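What follows is subunit A paired twice: with subunit B in the first complex and subunit C in the second.
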Partner chain A sequence: MATAGKEILKGGFRMSQEKVVLKVYRYNPEVDEKPYYREYEVPTEGVQTLLDALFYIQENLDPTLSFRFFCRAAVCGSCAMKVNGISRLACKTPFKKLVERANGRPITVEPLNFLNTVKDLVVDHDKPFENLKKLQTWCEPKQPIPEKEYRVSPEEVKEYERPTNCILCFACYGSCEAVMDDPKYAGPFAFSRVYKYVLDSRVDEDHKRQMVKNAMEVGDIWSCVQCQKCIYVCPKGIRPAEDIQNVRGKAAEYGFKEYPGVKKVQHFVDWVYATGQINRLALPEEVYGVDPTPLINKFKERGAEVWEVPKPLPGLLEFRDLILEVMKEKKPHLDIDFHHVRRIDKKVEEIFKADVCTKVVEQFEEQREDFFSRFWKKISEFFGAR
Partner chain B sequence: MKKIGFYQGCCFQGPDAHMFDTLKKVFSDLGVELKLLEKTTCCGGNTIDEANKYLVYSINARNIAIAEKEGLDLLVSCNTCYMVLAKTKHALDNDPRLRDEINKLLAEEGLEYKGTAKIWHLLPYLLEEVGIEKIKKKVKRPLSGWKIATYYGCHIKYPKEVAVVDSEDPKGLEELISALGGEPIKDYEGKDVCCGYHAYYTNKEVSLKKVVKAPQGAKKAGAEVLVTPCPLCFKAQDIYQDMAQADEQKVPSIYLPEILAYALGYDPKEAGLTYHIIPLSKISVNIPPAG
Partner chain C sequence: MLEYDILIVGAGGAGLYAALWASQNPKIKVGVMSKVYPVRSHTGAAEGGINAALANVAEDNPEKHAFDTVKGSDYLADQDAVEIMTRMAPEIIYDIEHRGVPFSRLPDGRIAQRPFGGASFPRTCYAADRTGLVILHTLYDQSLRQGVEFLNEWFLLNIIHNGERVLGVTALDIKNGEVHFIKAKAVIIATGGHARMYWNRTSNALGNTGDGTAAVLRAGLPLKDMEFVQFHPTGLRKTGILITEGARGEGGYLINKDGERFMKKYAPEKMELAPRDIVARSIEREILEGRGCGPEGDYICLDLRHLGEKKLMERLPQTVEHARVYEGVDPVKEPIPIRPTAHYSMGGIDTDKYGQTEIKGLYAAGEAACISVHGANRLGGNSLLDILVFGKIAAEHAAEYVTGVEHLPTDGSEYVKREEEFIKSLMDKEPKENLSQMRKEMGNIMASKVGIFREEGLMKEALNEIRELKERAKAGLAVVDKSKRFNLNLVQTLEFLNLLDLAEVTTLCAIERKESRGAHYRLDYPQRDDENFLKHSIVRRKEDGTLEHGWKEVVITKWQPQERKY
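Up next, the complex of A and B:
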């Protein structure tokens, strides 16, 4: 086939004879019964980006192919699609790299996952946009509105610079493990936006609380599995999985203690403070009120030795000091529940006195006095500092 | 004998203390001494981050500093612990101010984060430091006829700055399985779907929907078992899968060190294979559960 790319691509690239196959998803809901794939041969040289490759197809091979683009510079967010299974911006994806990786195999190009197809590679963005509205991610100004302007420090702006860069391309949405299995899930980008407004000092406190509540009740933020795929695919370096952690932390801070997820964090904070470890056998009870005995028995039937609580680590007291120091300096979203810690301590002492870990018990005995005086000193310091 | 600091995390507690014994023996057979760093603590499980990110950096800087104090690198046998530790290292190595602040806190315990210790995940350590050839030589009970779906889990693939395998085309497990004489199955539906472990205590329904996807795909592709280098994926695929689907659909999952141990000739109990909730008795080799 003639390489007629010269007058087609911007900048007059010279096309090579070598070709790579693009296997492209095609579907026009108005005429096609079901989606199908068509293969196109595209020159491997002289095509800069995946978007250029699609132009090449449209202008040389098949004018009916539809895809969405605008800025061609990773700014408008309209060209996100799935390339060999990974969500990417077509305009930001170097074609050469795709060709190298394909290593002779076809490159599959499909619309983003989890969104309705308008035609071919064009997807309907209504749903994710609707999700943003449902979460009420906007600025309700803090009262009273200052006469001149709100003052915002550069440090504050830096805090939410990252989520502010979101171009709503929905690459993250199309890769999200929670979206896959929870149709109610608002999407990674949506929670990054919630976090951005939660950090913003100009936003009304009640509205922040409302957004966090919406994130849980309307957007199902607890469905996130923390797979980190959203971070991987985001073309703007946004880290939705981590913003989600922060919004969840805010939920704890606002006192939404009835959610399993908040109970889970409480478990982690308290047990790690108390023993240096979480206790996976106590989680079912503490989060869901479910007795773990049947599961424990299954393991026992199979002959496994079961530890009821984790072995406290040597140097536990210094470790506790570290935690309290950190919490004094950086206010946590969630405080240690010292009543819970005392119950854990009691249990640990009961078990290890009667059981294997004499070393730990001895150490406990030796340090007991010292331990309690330091413990209370730390606690009073801790509360005194707030 | 090589020596490396071993970070235990929360993986070897409850009913799983035996998993550490297996790991230790396997590594010793392969010429590596695991020095258990007893003072290290839970990494926060990617959950304490929700309460206080700074605390996560502090406790993990401490964990790493404990290895550094002994002049050792750190071996981590869990995907999530690995990711959390590696994220901390990444943050501290790129932000001297953060490092200094945290070092002030660690000084009380006589510790310092220097950034000298390398943080190894189990899988690359086996591939790069132990080496396939060495493993091959040690095989006493080849896994002939085992069709094994390889399942990497998320936190060694994403995010990019901490990934230890090619995020879009992970490799290594197949080579290992072949070295053990088994037949790896790499491409199957759901191979990249998250095991759902971390959502179990935040939204159970989602977790139980996720956990069956990889096993179902693996089964369709003809696999009898799954093998994973992550003890949490393993726990999800063992305990939560058991809750989530009917017996005839279940595909047993095996934690990588266990299958290594088995191929190296350990009896099934020593390898940890008899403690599984989803027993290995229905696969062609038939390893009955204990008890």
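Up next, the complex of A and C:
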């Protein structure tokens, strides 16, 4: 069959667009030693979606092909699969567009990544569903439960509108960089679910904290590298990467300071406030309690110049004012730890023999304006995203 | 062997809500079996909303809701069951709201309600245009909270009973192809509707194949009011996928091939916004009388162009997307080809108002059941309500029942053996028929002869043709894929056989009901005939395989039949 597919390509297929070749992943773990691909010719006319194309194959060419479907209208979440390497709902993928983009090359159809193959395009969905259970993503109603409905403002409902649209198709899970590296990672969809319930005023506060804790301890939420693929592939326009940021913010707000992720954020906030930048040398110690001295010594032994604190940037004082202003306005989840900042200031004084509050600032007076306008933009973008 | 006190078959709204109530008592072991994963079920496709007389927007009460429902049913609904449903509606809404359903809200924070067809007050609670989706997902989250046990991707084969009590079911584990007997003191069938018998002329999901209803028929138990199938006026031509009533609500026109807004002939005042059955019949009449659009004249156009791109994208984004993806038409620039689409099965498993069948421990709820609260025509917003109310009632009744009885002694091996032999016979058969071809034939027969307009001669033809299909299937419809794992070919074949059985029953009932009532419209008997047909039709399959048709009284409490006028 595979060779037959190639022959079609040679035989002038590129010239006529009447048929296109689908290269479909086949694997029945019960009988096949390893997965293989099989090529099928599908007409380009009269086929609306990729799902229709699969039906064409199953009904006319090969009844042994297995794949999932149910609603065929993009609400049930059954038919997520990989098309030319990208997770999509088969029922929502216009076939015409695929054919146009393929431009004579075969269209590759494979099961979602990171889930065990049951057969062909069917993968085991148990694991991601189990993850929801582990994270306890449900409403634990706030007491006392009212006799009628809870009062909820339309604005609040709007706030969690996006994650509410999730259909649990797991397209995001199958594209996730974090899942690839960390099998324990619960998946973008799971954190969107957490976020939805965390925003819901009807949910018990202790349970919200529990869900956020679960997201960290059971779901490894800090493993997300913010690659944003989940946003790109989501067929319902949900933005899980942003929800993940927000759940992390909630972790900080709830005061879960003992978690590395939160410590990291605290490090960022304090050091950026204190010096205008983060301190990579202090990061391992502040986050994981690893003493950096051996590393520093090693650098020094080899003659490298090591600054144990970053040199404070010009115009630091005004910069600090701006940060305070932004924080007052945006009410971020984590406050600056001023004890920590004072310790940093002391180190700066020791090392640079300079008072951060006066000398450093004066030196760079003339460059100030340009510097601030750039930083202001960055900072407001950062907080604006929350 | 798997063993439960209560086994729920189907994990849509009715099944999940039943599971939540049944597992309130931790001593009762509850299992939910579904041929798909829970959140895949068709409840998730319900858009409009759920009715309850909360009176948040206008004066309203359960009695008015009951009357609207009875009137909408063309007086065929059982009024005691309707009263139970509408009385319980507010508490059900509050319960699912407390469990986390994110309803749309009024400015003061209460649940918003909007007007819906056939209702005298704004009574429909909603969550934007995805009410079913949020209910289904919230109930699923709650079932995780309560630790409900699921059997995902298990296909119901048969219901096992001893003529008095239910013993359990046989089922196929789709993932590995194994057949099991599942022992249960009580079984609740919540497998949804069967409008897939109209194949590509339905808004239903591909899997709405009435598996539970067909199993009940095979178990020798009665089905009720199977002739009543609701047609939604606007389904996409090629797929039957629904275009919401909102498209007409926003000002869309229905146009025939002459460019005429033909609704002015049928409902000059309400035009495109007349009740569903009237609009559906008008469209169908235009097509039948040769005023359909396209080379084959087989559809009507829904024209939204005059609304402009901005409004379309704002108000009807899903409609625009559906038309683009599933019909290849851009509603901003072109009219959408539509025709009526089979939408909802009013008929189903005959139960009393507690969801009980004749067999002790066997219950049915949701679209699979016919209690009956929808009678000859269901009102929009009443199906989500029905599945929750009667899911709960069946669960509570079953929970009480199972605490008083013991499991019957059986290891189930004989039933498993029988199923395995049956599946083997399907695989050993010499393939002479093509499944997809036969499905299309079934859909065409049902849509053209037992569809919106019905007439004795054509329906008798249909009955013969369906019976021929059954014969052909028996002789030559083989399962070609012999593998055990996720054998789609096997599942689709079993689903098709279920649909064929139900299509036969539907056609027979439609022939027997010699009147027009609600969704059942007879060209040869255009009037409602209360004297002879204010009755539920009942069909059961005898041991020799033939169908036995009979009638059952309608329960009337407060409202004597009147002419149904809007």
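Please note the rule applied: the second predicted complex is superposed on the first by the 306 of 386 C-alpha atoms of A that agree within 3 Å, B and C clash if a C-alpha of one lies under 4 Å from a C-alpha of the other, contacts with A are read in each partner's own complex, and residues count from 1 in each chain.
Methods note: contacts are C-beta pairs under 8 Å (C-beta built on N, C-alpha and C of every residue); 3 or more make two chains touch, one makes a residue touch a chain.
This structure is a prediction, so every number in the text was calculated from the model and none was measured.
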Subunit B versus subunit C as contact partner of A:177, first or second or both or neither: first
Touched partner set for A:165, first subunit B, second subunit C, both or neither: second
Partner chain(s) touched by A:34 [first = subunit B, second = subunit C, both, neither]: neither
Partner chain in contact with A:125 - subunit B first, subunit C second, else both or neither: second
Contacts of A:149 with subunit B and subunit C, given as first, second, both or neither: second
Partner chain(s) touched by A:203 [first = subunit B, second = subunit C, both, neither]: second
Which of subunit B and subunit C A:339 touches, first, second, both or neither: neither
Complex contact set, residues of subunit B against subunit A: 10, 13-18, 38-42, 44-55, 58-59, 62, 83, 105-106, 108-109, 154-155, 157-160, 167-169, 192-194, 196-199, 201-207, 209-210, 239, 269, 274-277, 289-291
Interfacial residue positions of subunit C with respect to subunit A in the complex: 36-37, 39-42, 44-45, 54, 93-94, 97-100, 102-112, 127-128, 130, 133-134, 137-138, 141-142, 144-145, 152, 175, 205-207, 238-239, 241-242, 322, 324-328, 434-436, 480-481, 483-489
Complex contacts: residues of subunit A adjacent to subunit C: 28-31, 48-49, 55, 58-60, 63-67, 69-78, 92, 94, 96, 118-120, 122, 124-126, 129, 132-133, 136-141, 145-154, 156-157, 160-161, 164-168, 193, 197, 200, 202-203
Footprint of subunit B on subunit A - complex, ascending: 84-86, 101, 177-178, 180-182, 220, 222-229, 231-232, 239, 241-242, 245-246, 248-249, 252, 260-261, 263-265, 267-269, 271-272, 276-281, 283, 287-288, 295-296, 298-307, 310-311, 313-315, 318-319, 321-323, 325-327, 329-330, 332-334
